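Got a structure here, written out as structure tokens. Questions coming.
Chain lettering (A, B, C, D, E, F, G and H) follows the sequence in which the chains are written, and residue indices restart at 1 in each chain.
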Amino acid sequence: MNNKDIRELLAKVKNGNLEVDQAMGQLKDLPFSDLGYAKVDHHRSLRNGYPEVIYCEGKSNEEIKGIVTNMLERGNNILATRAEEEVYHALEELTDDIEYYERSKIIVIQQEEVAETESEILVVTGGTSDIPVAQEAVITADMLGNTVKRLYDVGVAGIHRLLGNQDKLKEANIIIVVAGMEGALASVVSGLVDKPVIAVPTSVGYGAHFDGVASLLSMLNSCASGLGVVNIDNGFGAGYLASTINRQIEQARNN
Amino acid sequence: MNNKDIRELLAKVKNGNLEVDQAMGQLKDLPFSDLGYAKVDHHRSLRNGYPEVIYCEGKSNEEIKGIVTNMLERGNNILATRAEEEVYHALEELTDDIEYYERSKIIVIQQEEVAETESEILVVTGGTSDIPVAQEAVITADMLGNTVKRLYDVGVAGIHRLLGNQDKLKEANIIIVVAGMEGALASVVSGLVDKPVIAVPTSVGYGAHFDGVASLLSMLNSCASGLGVVNIDNGFGAGYLASTINRQIEQARNN
Amino acid sequence: MNNKDIRELLAKVKNGNLEVDQAMGQLKDLPFSDLGYAKVDHHRSLRNGYPEVIYCEGKSNEEIKGIVTNMLERGNNILATRAEEEVYHALEELTDDIEYYERSKIIVIQQEEVAETESEILVVTGGTSDIPVAQEAVITADMLGNTVKRLYDVGVAGIHRLLGNQDKLKEANIIIVVAGMEGALASVVSGLVDKPVIAVPTSVGYGAHFDGVASLLSMLNSCASGLGVVNIDNGFGAGYLASTINRQIEQARNN
Amino acid sequence: MNNKDIRELLAKVKNGNLEVDQAMGQLKDLPFSDLGYAKVDHHRSLRNGYPEVIYCEGKSNEEIKGIVTNMLERGNNILATRAEEEVYHALEELTDDIEYYERSKIIVIQQEEVAETESEILVVTGGTSDIPVAQEAVITADMLGNTVKRLYDVGVAGIHRLLGNQDKLKEANIIIVVAGMEGALASVVSGLVDKPVIAVPTSVGYGAHFDGVASLLSMLNSCASGLGVVNIDNGFGAGYLASTINRQIEQARNN
Amino acid sequence: MNNKDIRELLAKVKNGNLEVDQAMGQLKDLPFSDLGYAKVDHHRSLRNGYPEVIYCEGKSNEEIKGIVTNMLERGNNILATRAEEEVYHALEELTDDIEYYERSKIIVIQQEEVAETESEILVVTGGTSDIPVAQEAVITADMLGNTVKRLYDVGVAGIHRLLGNQDKLKEANIIIVVAGMEGALASVVSGLVDKPVIAVPTSVGYGAHFDGVASLLSMLNSCASGLGVVNIDNGFGAGYLASTINRQIEQARNN
Amino acid sequence: MNNKDIRELLAKVKNGNLEVDQAMGQLKDLPFSDLGYAKVDHHRSLRNGYPEVIYCEGKSNEEIKGIVTNMLERGNNILATRAEEEVYHALEELTDDIEYYERSKIIVIQQEEVAETESEILVVTGGTSDIPVAQEAVITADMLGNTVKRLYDVGVAGIHRLLGNQDKLKEANIIIVVAGMEGALASVVSGLVDKPVIAVPTSVGYGAHFDGVASLLSMLNSCASGLGVVNIDNGFGAGYLASTINRQIEQARNN
Amino acid sequence: MNNKDIRELLAKVKNGNLEVDQAMGQLKDLPFSDLGYAKVDHHRSLRNGYPEVIYCEGKSNEEIKGIVTNMLERGNNILATRAEEEVYHALEELTDDIEYYERSKIIVIQQEEVAETESEILVVTGGTSDIPVAQEAVITADMLGNTVKRLYDVGVAGIHRLLGNQDKLKEANIIIVVAGMEGALASVVSGLVDKPVIAVPTSVGYGAHFDGVASLLSMLNSCASGLGVVNIDNGFGAGYLASTINRQIEQARNN
Amino acid sequence: MNNKDIRELLAKVKNGNLEVDQAMGQLKDLPFSDLGYAKVDHHRSLRNGYPEVIYCEGKSNEEIKGIVTNMLERGNNILATRAEEEVYHALEELTDDIEYYERSKIIVIQQEEVAETESEILVVTGGTSDIPVAQEAVITADMLGNTVKRLYDVGVAGIHRLLGNQDKLKEANIIIVVAGMEGALASVVSGLVDKPVIAVPTSVGYGAHFDGVASLLSMLNSCASGLGVVNIDNGFGAGYLASTINRQIEQARNN
């Protein structure tokens, strides 16, 4: 509710077109549903056609089912991240429009079509082992209405694999680099292009990799300017950030 | 040099329009100057009208002067980051078009005008102590040709300061949040808008802040989706990333 | 045994009202039972009507049963924290007045009624996944005789959920904020009120969350003044601290 | 501005007693002063008679002077923490009611009297080296209108020093324990009393003390229930938290 | 083989009482058995009547059986630490003189009697959960021929439990303190006595305990002088160190 | 494709001996196979007779089978590291020339003979528990065509075991030291010889060993000059590095 | 005051040989002097002939002078650790019996003779750079009445230097090993002898040494049994612990 | 002294060609000079023509002068690392054959010529700021008799700078990569060549670089096989390791 809305509401009260109690109600009736254990936030999806998102870790199956039931009633698309297989089976009881990506632990419930953007997001991985995280980014960006391309297994140990695919880097508007180990790929890609690069460190590695810390630090300290880094294994966050960027681009294109 | 360029070059060789040695030269003559201790990379600025950037820490004044002398000859704008005051004095001998921002330790040498974008980047800080880092982001984005606005000292300890400025958040296309301490501002801002938010943790804090680690972890673990995080105190990186995003937006607008 | 007690004891010895051996006994007979592997401390509950508390992790079921058997004889209420389900089954054999909260891993054995305070403790969570820890705080404070209210799932990613519940914050005398991820909720709540706020970081998160470290550091570095922080996932400690505060408030009220 | 205020405002608009523009103004005119680089928050002091607080680290002397000048106009007491001596000299130019505690790096500007509470806060230290941090807590609590007592240098290496002072622990309503090294004093004190204990780890130590981390972890992991911990060397935060507790106690006493 | 031995050997060679090859053999025949995957070191037990010790973690059952078979032939006592139950079952096939302490994961094979020292080692624990580690120390010291006493569950949260047992501290010659959580017990004990105190941090705790790091740092930073600290959960090392000290005491007594 | 190759290619184009499209093909046909989820890199093995290597962690069995199938067609030897037993069973279906080293989690598929070098690599371990990692180094170096010797269980706690085997150290050209615990063996070996020493820290240890960090730091800080350190438990990397060194030695010998 | 003392005191009260107030006084008059900012603990020196010790870091010169003045009156020897040179100059004003060891930052004020023990403590260092810490141990042990020997610069990079001095190791009763870098010397020495070894990690090193952490972890994880470790650079603690051990040995010898 | 030497010595004793005391002397006269505070080890230089090396940090100027004086008498070349300028001035008094490299803090005293190897060591840096560390490696390798080449400022942010210099990589036998920031250069170089690559992480960076930790972890986790890593900023160690490798190569060449 922005300044303009408030001014209009006040004007209606002044003109007698709105009772004080009604005005109170409008000011107070915030766009979330209260389930007791969860306040479902329909805010963003109402405004944006965005899917609603549930982070499943630490929630009981019953809680997740309650939240999803509430969401389904509104007809929105739903993305459930960090979902174990048993969550999937629990939600299967609620709807048939459901798909489970086991290695990415992500559930997609698609109730309505999403448009595709003209601009492209390219998701690049260092190795094959990084694909589950990359897939989380791909699905997220896709559900948010973006055109998404992939370029997998082009890590710097054999840099000709990347250099041989520079055309793909050039065609993209936003690039997500998903890499474990030393995560050097993010720096190299960022040095090759002049567009937004989002770096996703993965926990692929062992020993002094410390479950992704080595990749994370590598990306935060990139000698290439202007990488935006998300949490370790946070494909969802990268896909979401890429989408907010792409939305700005599309809006400019359509103006 | 892309596939099309190579094909054309080969065609010229075939047609006798280009000698083998000339072709070799074109394939090999990469756009950097070799100073021995530094390979000055004119690549980006040539292509983009971008300023050239020097990271000063760890370089001797002589080295920096050598590099800047080389850059000045090409007429580019120059940004020198992490520059102690003595670096500024050393460079003053080379040019008058130079300005030093002491608390941000940044030197600007502006030799040519830069255009302004239609889209806006908004730089927000949690406290007054975060301003030197914010200023680095502002100057960087400005030098890269962006329209930049500021909203300072709106940290979450008095959240009405932020909520009272939501219009500024709405007007911006890209938001950079600069915050030390617990860095919660990034999450709150990101929850209020639906646009790209770049988070810059600062080293403002003490004790268990660990010189910025607390802010950094806070931002990487934001419950708000899709923050892109840069290194601690890396105002430059945030300004640069915001600029690459803005460039995509402007290109879309102009198509 | 304070100075006054000692003086009285000495006076009785002097007056011949107490034998030296009896005096020795009183000086030595400390209020704990020695089970060999555990010294059960009845001290606090005797004095306070407090329940007795067992930290179960690392103790064998036999040891826990021995300790609880000893406690049951004294008629006190008992709180067993960090208790696996098998501990619950072992204790079920000892008493029927037993309840197990599976997700909070807490066992309650209530043998006597506890009074309710006039002042209120409000337990707030950032997300649904933080509820098991919040529940530990709720049960602990409840068992210690406090009036406890709840406000769940009001994290800062959708700050209108919190702002829409400010009345609940205002009614409380002490607030416990339970939050994982970046734990920013504690700072925002603390900035909105002017009362004791106890912050409980949770291990809800992944990657660079480091099992709660990110939330912990965030809370320790809050830009809002005067948060008291407890260990990661330590709902018990928060409930206990809130109760000691409430006890001081109630005592002042009753004077 | 709470629900009741909004209802009244809306009623005035309805009755024509308030113009829409005036209502907008009242809704928007939030109680802070905007200095550009700082938004001075008079909120709390207006409501509470609390002093206004400035965290000086990272702010320029000019900025601090600007903020204090603004505060002085309102007649509030002022507390400047983490202030180097040069800050003190800069502020001396503005007022004579100023005092500087060099080892605690705290500046006090007292423009109005503060009342004293009936309840007592006791500040305890492990060693003599912890006194500067303890002093920060003492001054903060004192400025916030509390009765404060001290018990210094009673660390656990000579536990008879603490045991010989148990009467002081008993007389206090809230205890702040300030300790470096292994910080064990907090646990021992907390085990001896049944009241709120706030633990302040200090950076007193060396080697594997890691500038206070050892004390911090020790206090967070106390085997004694219900310690509230603040950041390393954060005497201010402890004094502030103690004061919010004491305020609740006093309010109950006066009801 | 010390200087005197070498001189005698050389003298025998000179005198023709020893052939060069024999001398070579004596110089080379080091007291260990080579099993290929393990060099069993009989050195210490030969010299000292000490048991032989195997660290089981990371060794296959076959390897452990091979090593123990070799040891059994020499008639020594054997201590196997960090042994899973399946190791115990594997070794049961080799000998009947075997005992397994499940919670301490330690196996004792006693083939010969060990004497008892006059001096006493006292093993103290903070809580009941620390007993498995304490037991490792007790068994180790016992197997090495020491008189060992125990004082369990006297942590500082109820310090009267420790103060009520000061006589036991006074009777001991060497004290091992085993404590998790904040490990404060080591400091308090060390402050009460004037004898060697060996501190064993345990992994008993959670959250910011970091699997024993909090206890470890606490003990390394003790304000009480002269604690010797061993690795987290290293009851064996503490028992062994106590025994080397006791051996020096006994030797002095017997001179 | 080096400068000389490009010049020849250009000359052929000029002379009409090569069509533009053919030239394009040669410039673009990089030596890797694209499986979509993986770009198999035949580069090194083609050039060197080296085996192809797969890092199995994080890859699905189907992906691994796809990659190996592609490799088998080229007749190369294959090394699969970090392979669970189920990977082995999946690959058994593809070929009989396969061997699985369970404790080292390494799979060897040998399709062609490898030569042996004249120079020797010696793999030394501190304890028996380090052998699985050592074995990974041995197999890797062996598959890469090196002569490999072993010296196991010669840790510094019984230094005579090492000193009694100095001849083996002298005969080797390159030494790999594999050690957990405090990893001191690497320093001692490096002090005894004057040849390349590669240090492999292992995760053998507990408590403050932090899964290999203690050994890693120990080796990085060796007081003996010139150790090359690889990641924790990275026997493969050590074997590979030793092999690149040996290859240089052999090339010099054969010139 | 032990059980026997209390019984006697009670008997005197009973017999009228002691008034209640006197008895109170004796029970309360604990052996420390209260300076307000410091409670000087004469306990140990009274009982033991031990010097009194001041940890100077974080104390003002005035505080240190106050404490030392109080100590001097009792005629005890005094040891001031972590003392900057200006502390030395401040104390020079109080007494002439004062000596300052600049590199060890330790001040000795010797007012009375100390006896020498028959048993020997040997202090060994890895390098020359470790000597300042070793010297702190030597002086501490010396002041506490022990016979102390030295063996410096025998680090494991040239192990023959240590092996050539095994006789010194054999003659000692207790060995203190002071080492930085990878700290391997402690393990090697401990493996060579069968007596108490106290390990002192030093901050000598750089980079991944982390100011002593590498040495500390190395010593805590020693593969040689039974090292007792003290804090980084804590020569004082090592000297003190060695002395408590030696005191037990001497007592046994003299019985 | 190997087996053969001992056998010959024993034979001489047997034959009466060597007295027992002489034999003792030969067995005991180890090749180091004892200065009390330092045992100068002439071992390696005697055998190898290697320079003697002093690590200066933590040593007093007097100690360093004493050690160098002893070394100078033997006519060896000397390398002093981590030497502050005042050390240089102290040593200037001893000899004129001395040179100081200020930014690398290394002193070279060259008393005799060193030969050059046929094989080449190439030292590569990511940036200009890494040169001081690279220079330490260059000087060390040079003093040890190696042919050393340089390739500076070819970091991955502009990868064409590296790719344009592949010929230099091909000509080298051993490559040392010196890089700060994210240290990705080591992986990229290692992927381009098939020879020993030694990686030196530098402390060039800020914030989450943690003084070199980010570069170190990056290099330890390289996706390119077989990097040998040395400590942060340890140019000396890299030069030394490269030299031991080169020595093996040269020996093979000369056989």
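Please note the rule applied: a residue touches a chain if its C-beta (ideal position, glycine included) is under 8 Å from a C-beta of that chain, and two chains touch if they have at least 3 such contacts.
Source: prediction; values computed, not measured.
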item	value
Third chains touching both chain E and chain C	D, G
Path length in steps (a step moves to a chain that is touched) from chain A to chain D	1
Set of chains adjacent to chain C and to chain F	A, B, E, G
Farthest chain relative to chain B (centres taken as mean CA coordinates)	E
Self-contact between copies chain G and chain H, residue sets same or different by half	different
Fitted rotation between chain E and its twin chain F in degrees, CA, nearest 5	90
Selected pair, out of E-F, E-H or A-D, that shares over half of its residue contact pairs with C-E	E-F
Gap in Å, rounded to a whole number, between the CA centres of chain H and chain B	39
Cα-centroid distance, chain E relative to chain G, in whole angstrom	25
Chain F and chain G: spacing of chain centres that average the CA atoms, whole Å	50
Numbers and ranges of chain B residues touching at least 2 other chains	3, 28, 127, 157-158, 207-209, 213, 216, 220-221, 225, 231
Which pairs of chains touch, using the document's own definition	A-B, A-C, A-D, A-F, A-H, B-C, B-D, B-F, B-H, C-D, C-E, C-G, D-E, D-G, E-F, E-G, E-H, F-G, F-H, G-H
In the complex with chain C, residue positions of chain A that touch it	28, 30-32, 36-39, 41, 43, 55, 57-60, 63, 67, 82, 201, 203, 211-213, 216, 231-234
Touch list for chain H against partner chain F, complex	2-3, 44, 47-48, 50, 53, 119, 166-167, 170, 173-174, 194-198, 216, 220-221, 225-231, 236-237, 240-241, 243-245, 247-250, 252-253, 255
Touch list for chain E against partner chain H, complex	3, 6-7, 10-11, 13-14, 16, 20, 23-24, 27-28
Interfacial residue positions of chain A with respect to chain H in the complex	126-127, 155-159, 163, 181-184, 187-188, 190-192, 205, 207-210, 213-215, 217-225
Chain C-facing residues of chain E, complex	103, 127-132, 152-154, 157-158, 160-161, 164, 180, 204, 206-209
